[in-house]
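I've put the structures underneath this note.
Look for chain A in each of the two complexes below; its partner is chain B in the first and chain C in the second.
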Partner chain A sequence: MRRERREQLQTGLMLAPSLLLLGLFILLPLCVVFAYSFALRDPYGAVLPGFTFDNYKELVQGVYLRVLANSVSLAAWTTALCLLLGYPVAYFIAFKAGRAAPVLLLLLLIPFWVNFLIRISAWVVLLGRGGLINQGLVASGLIDEPIGMLGTVGATLVGMVYAFLPMAVFPIYAALTPIDRRLMEAGADLGAGPAETFARVTLPLSLPGVLAAALFVFVPSMGVFAIPVLLGGGKDIILGNLIVQLFLEFRNVPVGAAVSILLLGFSGLGILLYMRALRRVEAMK
Partner chain B sequence: MTARAKAPGWFLRRVVHGAPGWITLLTYLFMLLPFAVLITFAFNAGKSTVVWTGFSFRWFEKVVSNGNILDAMQVSLIVAVASAAVSTAIGATAAVAITRRSFPGRDVLGAALAAPLVLPEIVLAVALLMFMSFAGMTLGYTTLIIGHVLVSIPFATLIVRAAASSLDPRLEDAAADLGANEWQTFTMVTLPQLIPAIFTAFILSATLSFDNLVMSTFTSGVGTTTLPLRIYSMLKLGITPEINALGALMVLANVTILLLVMGRYLPLMLKTNRR
Partner chain C sequence: MSVSDKDPSQQKPVVELKGVEKRFGTFTALQRMDLTIREGEFFTLLGPSGCGKTTTLRLIAGFELPSDGQILIAGQDVSQVPAHLRPVHTVFQNYALFPHMSVLENVAFPLTVRRIGKAQRLERVRAALDLVQMGAFAGRKPSQLSGGQQQRVALARALVNEPRVLLLDEPLGALDLKLRKEMQAELKAMQRRLGITFVFVTHDQEEALSMSDRIALMKGGEIVQLDTPTGLYDRPVNAYVADFIGETNMIPARVIETDAETALVEAMGTRLRVSGTQGAAAGSDVQLAIRPERVCEDMAELENTAEGILADVEFIGTDLRMTYRMPDGSRVVMRRQNSGRAVPQPGETRRLGFRQDDLRLFSR
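What follows is the complex of A and B.
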């Protein structure tokens, strides 16, 4: 009996730091944001006590709606491209690379040795008017004059895919490696061509990894703010930029809080969709 | 079927079969080319990051004599080591409790500790900022370290959890059979087996902290500008090879740390494996 109590006490002590951290610095602060998103404010931006839906109503105005549309479309494009590129790469590493597989995985991590902003700066240089890509295109005769690639949505997208691609490759790779090769061989033995084996055996078995990859790319890409500024010229801003501006430049805390809650809602929706899709995939097996 | 009728199908199959290889090659070019260009132009003599004018170390000299960068690097190092230590300690304790003890809400806690992975970091950062100003705390080292712990805690917990759940419980039983008390079993049997994972968790947490921009944007105060924040403000003014030189120095530092760690650590890992 005493031993049991002591064990309970020990477990409690082991859990205390993490519970404190989660409660005090995640849960409670999120509640504060939620509360502030309904607060009133005076014309100078100071927060006043009260309750209003105005901060949310402000979000459905033209400017904010455009930011929202930008964010969703940029995140969706980033996710789609990361999956389209990441799947073949993960497939190659898992099934075809053989002994080179660990090296290829490591190579994917090497860029992380340099600060992410410095790597983005390399893209700013590469995509610039005098940059290597324009030089190459002019030299090959494809274009006559350097084209302005910086400051476009395309440039932002290049930076986004560059930043998030590893996040897509790793979960897909992790889902592909444990697939029993005998299942793939069985598909071939039963007369399925490579395409049919892929579509009916490999792809369905790796879907949980694809779903995880989509979640890991989509959620953080909505909250990014440095890439659209550095590569996109700050023209097509997204929710991340909006939050930075509202909090650090305009000091408009209530509307900033409302935007944050909206972003949180989007992530929650993403997680919900992920879990539903995952259950459906598991049920298929 | 004639050979000619077969040819297009054969060709298509060949292309489809080789596609993952080609896409992989191009993707690696896409990932590594900027990296190579970046390092090369760190040694450029001229002020351009595009036109090569000769070899020089002048930009490295400029970086190591730039007080702003050195100050920021010091702040980043302090925050990285402190936040990684806190994160690893809390994460490892929770991971051991989750894998070794049964208590109500175990699965919920496991999921909650992984939650910052799928919550937008910027929202966590804003929430922390608002909470801190609500609580009347000034922004500085404390707020930065707390913020960075939130960013790295999911990774620290997951790494130690994975290691703890793959331990052989029979070793602990054997220790108990041989007369070791609970504390001895933990410090002499369980903990040594977890050291590699705890170490990995620490290194990864420190790396994440050192590279962090989003959380730092909202939680750093006057005099605690971290290196990524400094780089971001430098980049907004324009790019010189000084940035490239800083990047090259980061690669050098990482390789050195990796070699040092490997040299001291690899024999230890091999030994534990053999046992």
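What follows is the complex of A and C.
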């Protein structure tokens, strides 16, 4: 009995630092935001104590719904592109790269050591009118004068895919590596060509990784604000920069908090859908 | 039934390897192999791990392409044809069943990819599953089956499309002894009934002997001896074969003299006459080989005898395994059926007999 008690105490002590950290810096601020989303404000932006659903009611307006649609559309495009580009990369590293695989995975990680804003700013330089890409295209004679790429949806997507591609590659890679190669040999042996073996064997077996990749890209994509502002010119308002604007420009903390909670709800919904889909895929085995 | 139906040696070749060589980097896995496998035979590639038997199978399946030489299946050169276009199917060592498909979908796979209609597909899958007595398990997932059941499903999947040649890569390796014995008999019976050529890879010599029509014993990427099971057991071409197949006493000996048909050798402290000289010259050091079960205690009409002291008796149920120490220090193992007679006691001196036809000479 006493030993059991002591073990419980030990476990508790070992967990304490992380629990404290999570509680103080994640849970507590979240509670504050949650409370703010029901609060009142005075005309100068100060938060007043009180309880109202007005902040949420305000969100059910055409403007805000447009913002939501923009966000979902951007996140969906980003997810689709990341999966389409990330799958072949993950496949190559998992099955074709051989001993170069660890190096390639490291190369995918290295950009993370550089500050996010700096990396995105690099794309501003690359995509600009005097940037490398325009210079190269003009020099090669493909175009006569520089194209305005910055400030377009395309530029935003380039930045989004660049930022989130590793998030897609890693889970797909992790799902592909444990697949027994003999299953692919069996596919070929039984008469399926490479494309059919992929479609009937490899792809279904890697679906859990694809689902995880979709989640890892979609959820953070919903909350971005720097990339659409820097590369897309901030023309289409999305949830991320709406929150920034509400907090910092309009000083409307309660509505900003409500949008934040809404975003959180969407992320939670994404995770829920992922878990359900994963259970269905796992049940196939 | 005509003679050619029964005797595989009269059948036409179905798999031919002509000077096939396989190199992985600087390592040569297979050295200029010539091999002909005939229609309808149960052919076994036997050898220790790393001898090239699995490489040979993978070359026939098309998972590896030869570095040199030609592979013919049913008369067609398939040396550069990818696996999915070859008329052979494989039963893999770990079964390689698709984990995300049911038993039915697994077995239907070869038919599905050939776009065979649903009705016919189902009918053939049912027939194949019934053949391996797995009809009741069609809806299960591979993970819900035991090893032996997975084995049967793998077999059904490989047979459903009626391949010209069935390749089996140590298919019984993962089964326990009792189940393995059952499956051996079943596989053999199935092969006879279907008349499909089986190319079987194993490192288990007993398995090879009991199932095969012909066996290629391999070592270091080469075939050492290609023969029937009895040929391999009774007429091994060298000491390696004699030692690998079954148990063999290897006794150091010296050739005293030879004539046209026999050799006189000195061994075990006495002189023995041996049928066949194996090209050994008088005065040369050789090895004298004899199977434990061919050593006799019954002395009547035996050409050669030698005296030994019984050092150890091992009781193994059906047999007694007795080790004798001979005057020259060599050991001779003798096997005798457990007939219920009194078990001899260690320390006894006894006279052993050797028929000259049972003795074989190998160079040392």
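The rule we apply is simple: the second predicted complex is superposed on the first by the 278 of 285 C-alpha atoms of A that agree within 3 Å, B and C clash if a C-alpha of one lies under 4 Å from a C-alpha of the other, contacts with A are read in each partner's own complex, and residues count from 1 in each chain.
Here, contacts are C-beta pairs under 8 Å (C-beta built on N, C-alpha and C of every residue); 3 or more make two chains touch, one makes a residue touch a chain.
Quick caveat, the model's predicted, so the values are computed rather than measured.
Enquirer: Kindly say whether there is room for both chain B and chain C on chain A in the superposition, answering fit or clash.
Expert: fit
Enquirer: I want to verify one number. Taking the Cα centroids, what angle sits at chain A between chain B and chain C, in steps of 10 degrees?
Expert: 80
Enquirer: State whether A:96 touches chain B only (first), chain C only (second), both chains, or neither.
Expert: After superposition on chain A, A:96 lies in contact with chain B alone.
Enquirer: Could you let me know whether more residues of chain A are touched by chain B or by chain C?
Expert: B
Enquirer: If you stack the two complexes on chain A, which partner ends up touching A:28: first (chain B), second (chain C), both, or neither?
Expert: It touches chain B, and chain C stays clear.
Enquirer: In the overlay, answer first, second, both or neither for which of chain B and chain C A:173 touches.
Expert: Neither: A:173 stays clear of chain B and chain C.
Enquirer: What is the contact status of A:164 with respect to chain B (first) and chain C (second): first, second, both, or neither?
Expert: In the superposition, A:164 contacts neither chain B nor chain C.
Enquirer: Between chain B and chain C, report the minimum C-alpha distance in the superposition, expressed in whole angstrom.
Expert: 12
Enquirer: Take the contacts of chain A with chain B and those with chain C, and give the residues found in both.
Expert: 194
Enquirer: Contact residues on chain C for chain A in the complex?
Expert: 61-63, 82-85, 88-90, 92, 94, 96-100, 109-110, 112-114, 141, 143, 157-158, 161
Enquirer: For a test of understanding, state which residues of chain A touch chain B in their complex under the given definition.
Expert: Answer in residue numbers: 7, 10-11, 14-15, 17-19, 21-22, 25-26, 28-30, 32-33, 36, 85, 88-89, 91-93, 96, 104, 107-108, 110-126, 128, 130-132, 162, 165, 194-195, 215-216, 219-220, 222-223, 225-226, 229-230, 240, 243-244, 247-248, 253, 256-257, 260, 263-264, 267, 270-271.
Enquirer: In their complex, what parts of chain B are in touch with chain A?
Expert: Touching chain A from chain B are residues 13, 16-17, 19-21, 23-24, 27-28, 30-35, 37-38, 41, 49-51, 89-91, 93-94, 96-97, 101, 103, 109, 112-113, 115-124, 126-131, 134, 146, 149-150, 153, 157, 207, 210-211, 213-214, 217-218, 227-228, 231-232, 235-236, 239, 243-244, 246-247, 250-251, 254-255.
Enquirer: Touching chain C in the complex: which residues of chain A?
Expert: So the residues of chain A touching chain C come out as 180, 182-183, 185-194, 196-197, 200-201, 204-205, 284-285.
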